[in-house]
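Here subunit A shows up in two complexes: once beside subunit B, once beside subunit C.
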Partner chain A sequence: MFPWQKQKTAAVQKRKERKISRNLKSNVAYIEEQFSYGINFDFVSQEIVSPASRYHLFFYSTTIDTQQLSDHIISPLLEAKKDIPISRILTVPSLASIESMNGAEKGLTAGSVIIFKEGSPEAFEANIQDFKHRSIEKADNERTVKGPKDSLTESLTTNISMIRKKMPSKDLIAESIEVGVRPADPVTLVYVRDLVNNDVLENIKKRIQSITVDNIRNVEVLEQFLEERPRSLFPTMLYTERPDNAANYVSEGFIAIMMDNSSSCLIAPITIWGFFHSPEDIYLRWAFGNFSRLIRAVAYLITLFVSATYVAITNYHVQLVPIDLLLAVASSRERVPLPITYEVLLMELAFELIREAGVRIPSPLGPTIGIVGALILGQAAVEANIVSPIVVILVALSGLSSFTAANYSINHTLRISRFIFILAASLMGALSLLGAIIIWLAYAVSLNSFGVPYFSPATPHTKSSDDTYFRKLLKNIKWRPVFLKPKDVDKK
Partner chain B sequence: MELLKKPMRARELIAMIFMLIGIKGGDTTPSLFADEAQNALWIAPIVSFVVILPPFITLMYLLKKYQTRNLAELLHHLLGTKLGTIIGIFLFVGAFISMAADMRNIVEEINYLYFPNSPTIIIYLIFIVICLFVANKGLESIGSLAWAVLPVIVLTIISVMFVDFQATVWQRIFPILGGGASIVIRDGFSLSSVFLEFFLLTIAYQAFHDTKQFRIGMYTGSILSVLLIVLFYMIYTMVFDYNTVDNIAYLYQESTEIVPLGHFFTNISTFFMVGWLLSNFLRFTIFLYIICWLYGALFQIKRFEGLLMPISFLAMILSMIPPNFITNEMIVRKTSFHWISPIYLCFPFLLLAASLWRERRKL
Partner chain C sequence: MKKIIVILFLIFLPALLGGCFDQKELEEQAFVVSIGVDKTDTRGVFRFSFQIANPEVGSSATGTSTKEPAQAVISVLGSDFLTATNAANATVAKEITLNQARVVIISEKLARSKEFIHLMQSAPSTVDLKLNAQLVVSKENAETFIRNNKPRLESRPHKYYQYMLDRAKETGIIPDAPLVRFFQITEGDADLFIAPYATTIRDDETEIGEEDHYKAGEIPVKGESQTQFMGSAVFREGQMISTLTGEENRFCLMFDSTLAQKDILISFNDPLMKEYQVAGRLDINNVKVKVDYKKEKQTTINVFVDFNINIHAIPSTVDYIQSLEKQRILKNSIEKQIKNRGERFINKTQEKFKAEPFYWSLHIRHKFLDIKQYEKADWMNKIYPNAQVRLHFNLEGLEFGKMLRETDIEEVRD
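Right, the complex of A and B next:
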């Protein structure tokens, strides 16, 4: 350790160990100094003098419920006639005694009211916090037609309450561990005690605890710190905003990672099938759910390969195309000066631009995107002989298909992989395209997420609900996913 | 962290065997058989399989009996380090030559059929680099990959058979014994090392979930592969008849080229290239990985993945020596098979003899 770090840690240590004194004045002075009383407009330091004793309250006026403060803390204190302990005066539901200044500081920053009493070496923390957050709204990014509509919101307590409502069981554990130092943020792991695999749980905890960074505010950032391969194209944790989806995973033995300030949670470990499934697949009847999966599988294939295949075939394997179709393609690009690869790349890039702009654009300007996209990039480009109509069709098709992705994380994987395949196809036609596909696939197969192979239960095979390409009838599902090694395998 | 230890099961092995051996139905091996056996080219592999069965079962029996980790350890255990290594080197060299010749064939095939204007060496380089990338991921990934790609391959095979059946005339299978019974049996004997991969795969004896899974996978996979090969060769015979069949080099592609699919798709052979090429990438990935493993195990090299690159490039350079495809196929490959076959047919019996001798000495 460097000398300056030693000094710093020593100072922090000293501050942490400070006890609450019997002298009210010195306590008040210390807290007021620590919390920059007078500069912080919302930091309140209020003295209360009752007939029996003197009290001092500290709180942030912006983080507490003022109604509760006046009804359950201030009025009882003022009305106290005898010198009895605070715990017997106050009528708040959550009251805790603290003995060190460090505890008092933590309580204050967490939005509680801290009450000191003249002549007493302990303080009380009354938890009446009221942090403002969005109310529960409809899931915006993972929509379903059939099934629950609520989505997680940026308040941890609300989120946990939604999960508890879905899984009323004493075995559902919401364990909190801390990450970061400035300030330390709580991370909550939600799991079912008698299902979860302890190795996986310990692994996740260890990874969270070994993160050395000043702060992590939400699961979106946490995800990148937790992943084994942060540069990989494939996500190894599922990011979902649907509490029903999270509850479904948790009840199978997976672990949900939640944080305050995130309107989503992470599911770990996850396999590639998790990104391919939508929660609606289970809510829909067997045939309908599987049909929608089939459509989605086709869409994934189109997104990944249609442009690349076009490049490969038209450049290298013309003999494959039936002669009528070949003539149609040739005549449509008779006056296009660009080589096919550039043409396809140009249009794919244009589509990515529209998509990126569509995400960032302020909503009043939204309709502009449609006009620019459809008219200028589509029709006008064709009329100006920059691109051929068939390429517009292909790019629109692959773009449209990429929106069917059931999860936002995999969407990026598909989009970026598509460019890799187009470039590979332009190099040596089907040979290099198939080579790129097999290397891509070999990479995907070699991945694992917290010890779980990425393609299980398909390969390596384990007992499971066999929920990969298609799902079974719900009553025929016998096993929980064994690749997680849950404590209880049998579902019945 | 790994939650599942040794997760590979029989299905991955079956997929790997299918890629490694079943795919010989679609390369230039049939023309090798057809050269002498003529329209009995589908009987010759059956003969070969029957010929290799006793040594193969002997080897499996010995592996089970001694519970050693793999082929190389068994050699060392039964024959002593020196003799075991020498036999191992023979096996390695045989497999290496066979791989090099096969690889040249495949590359020539790709070159001739799909990229006639490109230099062979470029295609060869691309091919090798792809195989190296995949092989570097390790056996578990290769096994999983083989299983993941299998649906595509099976779909291709089924559609090829469906298409080819339209052009078959079943009477062409006669005379059943082609050039004559003695010729077919001799051909089957001398070319029996087309199945030498079965012996090589025993290097992975302990790499699967348990050895029972390995045995199940091995037997099921080999029977399925041989069935596939025989079925394919039968179709070739019935499509081309005896005079043409021994004059065509690329039977798989030719057979798909002559059949149109309806009035719209008149030239569909490139469709079937997808599965064919994917399986060939995997075939040489597995082959390369296994012979590197054998080499590593013989000389106690723990991290044998480092050998992949030198061995593959050496194979590439050596296989470029024959001036053209015909020389490579009809002289190098055929002659090497004639030399390799006895080694592979005999070494399990040598091991068995050593095992018996050891037991007798113990008593």
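Right, the complex of A and C next:
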């Protein structure tokens, strides 16, 4: 450890160990200094003098419920006629005693009211916090037609309450661990006690504890600290905003990772199939759910390979194309100046631009995107002989298909991989395209998420709910995913 | 990190540049739809005609139509397919590509010469030329055939060949003859190879006969299209020796278990009123060939053909439909008539060709332990010409289309 670090840690240690003094004045002076009283406009330091004793309250006026403060703290204190302990005066539901200054500081930052009493070496923390957050809204990013509509919101307590509502069980554990130092933020692991695999749980806990960083405010950032291969194209945690989806996973033995300030949660460990399944697959009837899976499977293949195959075939394997199509393509290409590879790349890039602009554009300007995208890049580009019509069709098809992805994280994987395949196909046609596919697949199969192989239960093959490619009738599902090694495998 | 990027870049750079050796943009290629080959006076030199499709014609439903023609035909001299394409590039700006060629047309004169097999030898090693292209023998020069062939209803030349050959194969008047089959049969050296026979020059002196007793050029068709695909050219050991009529070709397909045919419309003499004919659609259900090989004695070949007939025209108005007795007479008569025609054709192959075009050597090969013994027994020259061939036709189902009863002529005339 470097000398300046030593000094710093020593100072932090000293501050942490400071006890609450019997002298009210010294306590007040200390807290007021620590919380920059007078500069922080919302930091309130209020003295209350009752017939029996003197009290001092500290709180942030912006983080507490003022109604509760006046009704359940200030009024009872003022009315106290005898010198009895604070815990017997206050009528707030959550009251805790604190002995160190460190505890008082933590309570204050967490939005509680801290009450000091003259002559007492003990303070009380009344938890009447009222942080503002969005109300529960409809799931925007993972829409379903059939099934619950609520989505997680940026408040941990609300989120946990939604999960508890869906799984009323004493075995559902919401365990909190702290991450970061300035300040430490709580991370909550939600799991079912008698299902979860302890090794996986310990692994996740250990990784969270070993993160050394100032602060992590939400699960989106936490995800990148937790992942084994942060540079990989493949996500190893499922990011979902649907509480029903999270509850489904938790009840199978997975672990949900939640944080305050995130309107989504992470599911770990996850296999690649999880990204392709939508919660709606289960809510829909057997045939409908499987049909929509089939459509999505086709869409993934189209996204990944349609442009690359076109490049490979038209450049290197002309004999594979039916002659009618071949002549049609050749005639439409006669006036196009760019080689096919560049033509396809240009259009794919244009589509990515539309997509990126569509996400960033302020919503009042949204309609312009449609005009620019459809007219200028589609029709006008063809009429100006910059691209051939068939390329517009292919790119639109592959772009459209990429949005059928059930999960946003895998959408990026598919779209970036598509460029890899197009480049590969342009090198040596189907030969190099197949080579790229093999390498890509070999890499994906070699991945694992918190010790669980990425392609299980397909490879390595294990018992599971047989929900990998298509799902069974719900009443025929016998097993929980065995690749997780849950404590209880049998579903019935 | 920077180093890694530079190294990766250096690895990929040669790959980027080197990969393009075999790459060819679509619009830089001229697609040949059919190839015609003719004999010249010089030995080893042939006249190649390439029919090149113009992609701009008929490809877009809405685009402005060009005034360019749908096809271009150029003919050059060359010794094999590849050198000829190079020579043709002297006049065609784009690279000539053979991999979409559907038809290879050989003039009868070339097919009957000894040079033909030398020309064909270069075909498999021409990477571009697909071996499922059809071999067609034209009565006149192949170049004349290609230039004369002006389909009226198909604006793009490849469509014409595709539809024409597919449909004619279905009706059985021409055989399916991809290049690869030519090599299989010629190198097997046991059977005759048959290829479609076609012409664009009409022979005016033929008389009207039954609908399939023609060869190409003999059919009295009136209309603007001169082209006729009918019958087949017979090749023995890589050299054309004779031609078959459409009917004979149908028997070839019927007896050959490796080929399929559908939809044969065929007519027979009406057994009860001899001056009329009955016409129907013949379906073959099953063909079995049993070769009973005896080393010293005569070999017998039994051919069992099960078929259905759907009678759709009884001009004589004999009431076959309601009378089971008359149906029996019709059934026996049809079986007999087909058998007679079949036997006539078998005799012709045994006596005139001294070999069979049915690929029957497949049915005898398994009777030998090794290839040496098989070759020594000599199917083509010794066994088949002397074998006794017995045909067994079995009409399994007789149907009468949509008619429930025959028109009573007497009542109508009354």
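In this section, the second predicted complex is superposed on the first by the 492 of 492 C-alpha atoms of A that agree within 3 Å, B and C clash if a C-alpha of one lies under 4 Å from a C-alpha of the other, contacts with A are read in each partner's own complex, and residues count from 1 in each chain.
Heads up, the rule we're going with is that contacts are C-beta pairs under 8 Å (C-beta built on N, C-alpha and C of every residue); 3 or more make two chains touch, one makes a residue touch a chain.
Treat the numbers as computed from the prediction; the structure is a model and nothing was measured.
Superposition model on subunit A: subunit B and subunit C are shown in a clashing arrangement. Once the two complexes are overlaid on the shared chain, A:339 sits against subunit C while remaining clear of subunit B.
Contacts of A:275 after superposition on the shared chain: neither subunit B nor subunit C is touched. When the two complexes are overlaid on their common chain A, residue A:254 makes contact with neither subunit B nor subunit C. Applying the stated contact rule after C-alpha superposition, one finds that A:319 touches each of subunit B and subunit C. In the superposition on chain A, no contact is made by A:116 with either subunit B or subunit C.
Judged by the touch definition given at the top, the superposed model places A:329 against subunit C, while subunit B stays out of reach.
In the superposed model, A:450 makes contact with subunit B only, not with subunit C. Taking subunit A as the reference chain, the count of touched residues is higher for B when subunit B and subunit C are set side by side. Legend: residue contacts after superposition of the two complexes on their common chain; A:432 is shown touching both subunit B and subunit C. Contact with neither subunit B nor subunit C is seen for A:351 once the two complexes are overlaid on the shared chain. Clashing C-alpha atoms with subunit B after superposition occur in a single stretch of subunit C, namely 369-377 (options considered: 81-89, 369-377, 387-395 or 405-413). With the contact threshold set out at the top, residues 316, 319, 323-324, 428-429, 432 of subunit A are in contact with subunit B in one structure and with subunit C in the other.
Per the touch definition, subunit C reaches subunit A in the complex via residues 15-16, 19, 22-27, 29, 31, 33, 53, 55-56, 59-60, 97, 99-100, 102, 128, 130, 156, 158-159.
Residues 197, 199-200, 203, 316-317, 319-320, 322-324, 428-432, 434-435, 437-439, 441-443, 445-446, 448, 450-453, 455-456, 458-462, 483-485 of subunit A are the ones touching subunit B in the complex. Against subunit C, the residues of subunit A that register as touching in their complex are 314-316, 318-319, 323-324, 326-334, 336, 339-340, 426-429, 432.
Residues of subunit B that touch subunit A in their complex: 1-4, 7-9, 11-12, 110, 114-115, 118, 122-123, 126-127, 129-130, 133-134, 137-138, 140-145, 147-149, 264-268, 270-271, 273-274, 277-278, 281-282.
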